[in-house]
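Okay, got some structures for you below.
Next, two complexes with chain A in common: one pairs it with chain B, the other with chain C.
So, the complex of A and B:
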């Protein structure tokens, strides 16, 4: 989309350094300028009652949060359970409210959303998802709330050390130190972070807060480069697929046992879609509030539930979990690339990590990739084996 | 029990060296006995209560843990002799233990049971899981809590006892998470808190029982009952605030419903849109409607398998709600979840001589 400049063109080649001690100052500056800061924070019990009930039972987790003014994000390894997408496509939002006066209908637009924000410490896989989802949000209809939030938000990724064996960003053309969908990159080094803006928006942000940044020493630049190289090498070993072959194979093997039997253990809970940075489907419902007034809201939806495709007649074209799970893979790795030229997946691994039934996208993609690279004659006729 | 002997005997025939058959074994406790036992337990909380069935170990032990009564052996034989088409159990996946559907006898070696096997596989017996039903006749591996879920399905006519083979595993508690590369011993800090004072470490509602007798699960630093008591001690306004705050983070994915072995409605009230009984938006009103409806519809049906809390992406402490319901059920109806399907559940059972006018 035009409002989000291409990230490849880095305006300035100079690499900056933000000392650890300057992060608090930067955040304070942002608070003064009334710029919201979104970033990772440790999940905490929300109240004394929650603490008493031991809600977290000792398991601190990371989550993206709109931080209180002056609070610094936690720029450390760790994968927030939910991706950043909720800050652009909230789980539920009011699109508008209506009120009927006789034959007149008064429309009031939903919550104003274009507050200036900066997101710091974003996982590169989460930032890339924004740019990938931009395609569909500006395809047949320009999604105003999404676009306004995109324009209002400056995003800096934090170079990722690779979280675990479910990470596979390089397999889908991304990188653990990427800036797609972002305006610049932070790379952790001794005593602070290297900072490299990658868009004009990012450069403007850095210029606005120039007093907080120094020029990085050659030694620190080398240290950052080495860490980034090592992370790329590490994640590349987790999965390697040929996306184009995978797309073609999926498109041509709708009823192949490999593709049509993937949902046996799936409960259809849709957790994979909730945590996915690229799943963007939503449902729109008019909620009436008494007579003659109400609110139109949209909420996240997922193709993993039966209701998603249930017809008014009672017929359901995707009538079991095998069909629904196939749709998930089909949309991400065949339909979306066919329409928009790239897969609807950033390799964050959350769907595998969070699936409580053990559905494993890494394993599935590896199997499909093998099938796709096999000579065509073998293809669909290989023995089906067990369903799982 | 609903004609257990036929099944037991039939399944038994598949074992080369059969243990005593159901017919020879001591009779299972009657519904009345079990209820009496439940009533006799006077303790105010379930943590301190003795098991509902004091004689829980008097059941037909069919497979023991000797060859071929081990998990893999039982599964292999059931498949080899075509007694079942699929055995639903657990395997080692890339990210730890996970459900597996074994359809070939040669694959039975993939089956495992250890402290990571947290999943309640009874969810797969839901007749609405058509992709599972399509696999044919099913055997499923059950822990004690899972067997209680089977009893619930039997009570409600969702499955027929002679259409499923139950392989019981002796269980001394499970971890909170399944995604560990290998099993670890349970400690106070890693055990699933719901396992404390488990009253069904050896499921009775089984055709086979495998594994060694297990010790009691460790006591977690804060037991579920203690946490419920901490909430109960708060003024009602603060308790309300607590739950309102908790429900505010619900993302309305319905994972709790999908994974629940007893959530078997043909069409969930949350999915009905004419009228929209429960608002789909995750605002406080919609979230409250959903979470209270879910909890109350499971009163007297929930077996505290813990799956809803485990899978909740928002981390809602649903176990606290479930336990509170269980406490009320015990106090008001002398009912404790059991894997004896003959024990009627307080909600869903009726009698012609009921004392209440309205129900007759």
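So, the complex of A and C:
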């Protein structure tokens, strides 16, 4: 996987311009059409300290939110703390409800998750995650709730200026101005945004709201292109790895001290998985509601907790944090690419940014990449350990 | 359930999902139950849906997700053979919340089932071969499915040898079937209990399964082996089989991993390059040797 920036506009396609003043109108049109708008919004500071931090950073913390009808998304720099995945795989959702009548059980299916939505101002790394997770959600068995939400949602990314040193999207084959998993791209320019749909769904959206868009001037197109080029260049300097050698090295060095010791600082809190746009593991549990009725729910889960793999017998195949952390890296950079042809990571950097213990994926991948490029030492392990 | 919300005049209801999702279980009726040991029970289950009762088919070694509504789902292999249609059986030990709730069910009660999932033992490839079964404790449950599958098609196979053991006489499961197999001229049945687990009138062997397997020393010639039991039994049985001359390709086991979805989504049973729910649960010893020791 090479770090080729994606340039998605079809050749010769006209680039549109949405003036700042038109955004409110666009959102009002969407409210009239009963289309839900998801987008970044300022988080209400939870404490005086959080408010102070916003002042310190010179901007509010962002979060993706389903916006009230007519409210415009905040199309500004900043990385929402959680990714967009919760809008497709909610943190918790009812799979169905059940009711007991004597010895009989009645299953009550929920509503199909098909409300029409448009997500505006999505980070390219968050949109790409949707397409990457599509593989596992449709591997043989199709996960209907995920697919229904994917179909019902039109996604426009917002070209990212590159947030900080934890960003590394180009190292995993993506780009700060990408449209993977999205239907089009907004690029901030003087007075508004360049708008380039990249799919039929995106084109249909633009066509539906044609009155809001103008044709972009050549000067604005140049301005956008320059900003995008600069962002690509900036993020490319953060990390460069050869994904295929990293995959092979991880697969073949299960017991290597580098891989086996990476979890030594990890608390197993699972924050990395919560904030990750591609982590999709879940738990399924029953919740009772009084006697004789309840719901079966699925909720986010993480391989970083001990109970994730704990057998009923008490045996735990991954009994310590090093083993669990190694599994996380394994799954993302070795197993998923082997199975689905690409890494389960979009380089958003949230796991590094949010880790309380300072586990830094950028550092780790750089170290593994160095090890993978090093000629194999004599007597080095060649295949994963095998049963002890 | 008579005092739920009062019925108001029809209001446009939100559109319910037209088809079940992959997470919705099929409803089944408990039609029989057998206590195998003090904490292990077998449930015999029949689909409520008549069409499904007719059409349901599976292979020996596949598993399902069994629901006790209100407690959740649990993963067990289907313990009855595919050659006996109409009902399926599961055998489980009461250790957790769901198994305890399943144990509360009586004949006539309703539970849920999703499946069959996963791969299976390649029984169809074993025509003309001898089959050796090695099982320990409740690990006989998935093996029993294969044993009956083979015995129901007895003419297709050569010698059938079963080496089965448990911690104590009380812990042996399917006791009536063990007797039935022992009484058959076309089955070589060896039953053992761990040292200290025997009763005064125990007439089987005493010794750990791998040890007894070495003593019985079945020939590896034209023979496939099916092994299932606690991890420690599997671990020590493999070298014994290798010493007897079994090739890794001819040794099969079924892996137990914690699962939730059963359909390759929830990520829980992922080990090495495999998802046990999709690529397994049946693995050959050859495949097992490529796996990291995380099972």
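The rule we apply is simple: the second predicted complex is superposed on the first by the 342 of 388 C-alpha atoms of A that agree within 3 Å, B and C clash if a C-alpha of one lies under 4 Å from a C-alpha of the other, contacts with A are read in each partner's own complex, and residues count from 1 in each chain.
By our rule, a contact is a pair of C-beta atoms (placed from the backbone, for glycine too) under 8 Å apart; a residue touches a chain by one contact, two chains touch by 3 or more.
Note that this is a predicted model, so its numbers are computed, not measured.
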item	value
Partner chain(s) touched by A:285 [first = chain B, second = chain C, both, neither]	both
First (chain B), second (chain C), both or neither touched by A:271	first
Which superposed partner A:263 touches (first chain B, second chain C, both, neither)	first
Chain B versus chain C as contact partner of A:81, first or second or both or neither	first
Which of chain B and chain C A:360 touches, first, second, both or neither	first
Touched partner set for A:317, first chain B, second chain C, both or neither	second
Chain B/chain C common contact set on chain A	283, 285, 385-388
Residue numbers on chain C that touch chain A, as the complex places them	1, 14-25, 27, 67, 69-73, 93, 95-96, 99, 108-112, 230-231, 235, 238, 256-258, 260-261, 263-268, 270-273, 275, 278, 288-295
Complex contacts: residues of chain B adjacent to chain A	93-104, 107, 119, 123-124, 129-132, 134-135, 176, 178-179, 189, 193, 220-222, 227, 230-231, 234, 238-239, 241-242, 245-246, 251-255, 257-259, 271, 273, 276, 279-283, 286, 307, 310-311, 313, 315, 317, 320
Residue ranges of chain A touching chain B (in the complex, touch as defined)	43, 46-47, 49-50, 52-58, 61, 81-82, 91-92, 165-166, 263-265, 267-271, 273-275, 283, 285, 287, 297, 299-300, 302, 305-307, 319-322, 352-354, 356-358, 360, 362-363, 385-388
Chain A residues touching chain C - in the complex, by the definition given at the top	95-96, 98-101, 103-105, 107-112, 136-137, 139-145, 251, 254, 280-286, 288, 292-294, 296, 298, 301, 303, 308-313, 315, 317-318, 323, 327, 331, 334-335, 338-339, 383-388
